[in-house]
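Look at the two complexes coming up: subunit A is in both, with subunit B in one and subunit C in the other.
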Partner chain A sequence: MIRRALVIFVLVVVAIPLMLAMAELPPHGSPDAPPQTHVAPYYLEHGPEEAGAENVVTAVILNYRGFDTQGEVTVIFTAMAAVVAVLVAGGAGVPAERTAAPTTTPVSLIVRFIVRVLAPFIVLFSVYVILNGHVTPGGGFQGGTILGALLIALTLIMSESDARALLPQRPERLLQAAAPLTFFAVGMTGLLLTGDYLAYPHSGPTIWIATLMLTVVEIGIGIGGAMVVATIFRTMGADR
Partner chain B sequence: MTPWPPLLALLIVVPLTGAVITPVVGRTRAVRSANWSLGVMLATSVIALVLVVQVARVGPFSYVVGGWVAPYGIELRFDEFGAVIAVICLLGTLAIVFSRRYAARAMAEQRIPYYYALLLLNLTGMIGFAVTGDLFNLFVFMEILSLSGYALVAVSGEKIAEMAAFKYLIMGAISSLVILLAIGILYALTGSLNMADVTERLGGAPAAPLAVAFGALTLGFMVKAAAFPLHIWLPDAHAIAPSPVSAILSGLVVKVGIIGMLRVYQIAYGSGAVDMTALNTVLMWLGALSIVMGAFFAVFQDDIKMMLAYSTISNIGYIIMGLGLASSYGMIGASVHVFNHAIIKATLFLGAGALIFQTGKRTLTDLAGVGHAMPWTVAAISVGAISIVGIPPTAGFVCKWYIALGAVQAGHPFFAFALVFGALFIFIYYIRMVNAFYFRQPRDPAILEVTEAPASMLVPVLILASLCLIMGVMGSVPLSFIEPAVQRLLLPLGGG
Partner chain C sequence: MIAALWHNLDYAASVILFCIGLYAVITKENLIKKFMGLNIMETAVFAFIVAIGVVDGGEAPIMGPGVEPPFINPLPQALILTGIVVALSTTALALSLIIRIWRQCGTIEADELREVE
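Showing the complex of A and B:
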């Protein structure tokens, strides 16, 4: 009881200054608010012609602030490396070779059938989302998640050996790092082409090179994202 | 000669890419990942060295990634505070060398490539954090280093490792969230994420959101720095982690909170929009409390790594107090202590790691008499202990002397007293440690049969111990190096 009262007290004490502060912020969405008048108009005005992406969101996350996104994909990779490092082969000895599928209960026929039927369409959709990234506010992250979800669904209905064949051992670790590696490759290409790291040719007749580089990055993020999602799922389900 | 401008970006992307390749390199044989990460860190160190020399010669410089101009693209800015990357590279390299034998015994073979990958990611996160000039970019690198930090604590596989890592994760996630909130408020007020740009545009902003933003930033960074009462995650995490990781966490990762705080000051003082007096008073008290409480808890520890972990809280207290004093001496002392404490604490943690590795024991009671069996390691630890107490002519003395001067300069002699009082406490428990190693009867005579640590462990420890002495003798070099940055920082306050 006292504990609950204390929690409520702390919440109120924290909430009051926060609400006061929020009340004094420039109104959200107002055309006069600094977020709408300072950096953003530049992106809106120049983004479509100089950033190589028709969509301004994509232009910002992959071009203007691409370095942040390189950091973000590394955060995702770090999360995966953390899961693998902590869960793989616990402190005591090496685990027995895994033979059974990660699930304990057999998967019903209906689930098997539906996943198999849907799989090609899911792949198609994810490829569409990834490749269409530079004209829509989506791209590698979303498409990669869709692909990753498919990999997870397939892992569930397949035997362990088949699922293993799905994610081949040799390039597996390379594919897991696909997103940061693609960023590095594209960044270095930019360095060679323009003299600046992660720079794309700005505007002019060579703008298609920028679009091509952005698409490569989207594909890298997509593959890497899918592999990371699937790897985390497989690693966490490995003991069960 | 001016170095090639993109070098500042390469400083980050070289280890970043090196880290994600590490598991690929170590797929068939784990030892390859050790060699690879050492190579990556050495390459990074070369870049870092070029940049530090540059900043010493011409002062701060910046580079905007992607060929855009500053508020639109992401600006990396390298100033004297950023020179902490030199220490990050040094400790990172030595920790990787030290890990070679350590990891092979402490963890399963399959974990090792990921261990090195996480270690590199952690170091890269800190490097990026130290040199970025963009608030959101700062947050991204903070996440890389925090996430890898949590995992590195859990990776040791010891019994309470998961629990310690989980506690660390919860506190870390809350502090990250609080910092993100503050960044959001600053963006809402200025429409920009570039630190220099935010500084310029902050004038005339309403007071309440500003107060919440700077309060939140301070709170978040104080959790990262483990100031007393926000330290509760630190002792277990730092004591349980593998010893090379402890050295990195205690020596460097807590300093992220301090570097973050320095960036907060740069924005606050530079813009003149925020009155930091109240926050500074809080910081001074937090610092004084941390010094005394950290030392107090350390006295009662028998576990050597636990004791070192509490000692980190004390030392962070010195730094926080130096910052809060907002006087030039205090600020200089605090900034240099960021460097010096990193070296000293790494000496102690790696030394302790070598002792534990050779003897399998980790309490002072069990380790009694080990000084006769492992003379070099224990000598290095003793040098570290003398340094951390702050006895001249070692590295710890200059900083504490400056912070004490700063307290007097700022008109708070009481805090100078707290500092001396804390140093006395610290003296007691380190004397206890050195006494146990050299003069107490061994509890188990078998400890005298233990051999000296292998070269891959002993050499890093000895290098660090000699640096403790060198930094003490040449104490004026870092002081005069950091001085222009502090003067620039305090200029809006009217000199300082």
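Showing the complex of A and C:
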């Protein structure tokens, strides 16, 4: 009883100052609010011709704030490495009764059939989302997640050895690191072309080079993201 | 205050969502439920920051023939894309740690874990 009263007290103490702060904010959707008047108009005005991407969100992520995104892809790669380290490295010392015969239900025929029929279309859609990230909503992370979901679905309907054979073992390590590696390669290309790491050629006749570099980064993020998501899932499911 | 909140209903909704997540983190003993609460709190923050970028009558910030201002602010969306990916990473790491705890201790209830020590 005291515990419940304490929980309600904590929630109220958190909620009331937050609500007061929310009431003080500029009205939702007003075009004159501070977030809309500083750097965003510059991005909206110059983004398309300066950054080589009609989708300004992509221009911000990969061009104006490329360093941020490079750190981000390093974070997901590190998370995958940490998951593998936590789950695979410490396999010993498990009490015997907990490793005993896991009961797995076989996947129904309908699920297997539907996943097999849909797989090519899912691949097509993810490639579309990745390659069109600079002109339509989407991009490397979104398309990569779709591809990763497909890999997870295929892992679920196949036996473990079949799923392993889906992707060869040797380039797998390289593919998992595809996103940071592509970022590094494109950053070095920018260094050669413009003299600054991760800088893209500015507006002018060479803007297509910037678009090409953005597309290469998107492909790298897509492949790397898909592999990371699938690897995390497989590592967690390995001891079912 | 109520009248001001009525204009900022999106923000108020994210505060409520945040409190739901906080409730789960405080009261649930199951570690996975605790972490789901943390994820709900993350989602509330994401929803709040994306809502900041909304402009009335704005279009998606994708340039091309036939689109005209006002546009939605692209900056919060870009920041939150980063945030979502980092949230995915922390969720994956936390779940793997919970799996490890289950293997070592045979339970993921926080109160039972305190007795295991």
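Heads up, the rule we're going with is that the second predicted complex is superposed on the first by the 226 of 240 C-alpha atoms of A that agree within 3 Å, B and C clash if a C-alpha of one lies under 4 Å from a C-alpha of the other, contacts with A are read in each partner's own complex, and residues count from 1 in each chain.
Just so we're on the same page, a residue touches a chain if its C-beta (ideal position, glycine included) is under 8 Å from a C-beta of that chain, and two chains touch if they have at least 3 such contacts.
Treat the numbers as computed from the prediction; the structure is a model and nothing was measured.
Because the two structures share subunit A, they can be overlaid on it, and in that overlay subunit B and subunit C fit beside each other without clashing.
Looking at the shared chain after the overlay, A:Tyr42 reaches subunit B, while subunit C stays out of its contact range. In the superposed three-chain arrangement, the CA centre of subunit A forms the vertex of an angle with the CA centres of subunit B and subunit C, and that angle is 70 degrees when rounded to a multiple of 10.
When both complexes are overlaid on chain A, the residue A:Ile61 reaches subunit C alone and has no touch with subunit B. Of the two partner chains, subunit B and subunit C are each touched by A:Leu18. In the overlay built on the shared chain, the residue A:Phe184 is in contact with subunit B alone; subunit C does not reach it.
In the superposed pair of complexes, A:Val7 makes contact with subunit C only, with no contact to subunit B. Contacts of A:Tyr197 after superposition on the shared chain: subunit B is touched, whereas subunit C is not. When the two complexes are overlaid on their common chain A, residue A:Arg112 makes contact with neither subunit B nor subunit C.
Contacts of A:Val86 after superposition: both subunit B and subunit C are touched. Fitting both structures onto chain A leaves subunit B and subunit C with a minimum C-alpha separation of 5 Å. Residue overlap on subunit A between its contacts with subunit B in one complex and with subunit C in the other: 18, 20, 22-25, 28, 33, 35-36, 39-40, 43, 65, 68, 72, 75, 78-79, 82, 86, 90, 93-94.
Interface residues of subunit A facing subunit C in the complex, by the touch rule stated above, are 7, 10-11, 14-15, 18-20, 22-25, 27-31, 33, 35-36, 39-40, 43-44, 47-48, 54-57, 59-61, 65, 68-69, 72-73, 75-76, 78-80, 82-83, 86-87, 90, 93-95, 98, 135-137, 139, 141, 229, 232, 235-236, 239.
Within the complex formed with subunit A, the subunit B residues making contact are 6, 9-10, 13, 16-17, 19-21, 23-24, 27, 64-68, 71-74, 107-111, 114-115, 117-118, 121, 128, 134, 136-137, 140-141, 143-144, 147-148, 150-151, 154-158, 162, 165, 185, 187-193, 201, 206-209, 211-213, 215. Across the interface of their complex, subunit B is touched by residues 17-18, 20-26, 28, 33-40, 42-43, 63-68, 70-72, 74-75, 77-79, 81-82, 84-86, 88-94, 170, 173-174, 176-177, 180-181, 184, 187, 190-191, 194-200, 202 of subunit A.
Across the interface of their complex, subunit A is touched by residues 1, 4-5, 7-12, 15-16, 18-19, 22-23, 26-27, 51-56, 58, 60-64, 69-71, 73-78, 81-82, 84-86, 88-90, 92-93, 95-97, 99-100, 103-104, 106 of subunit C.
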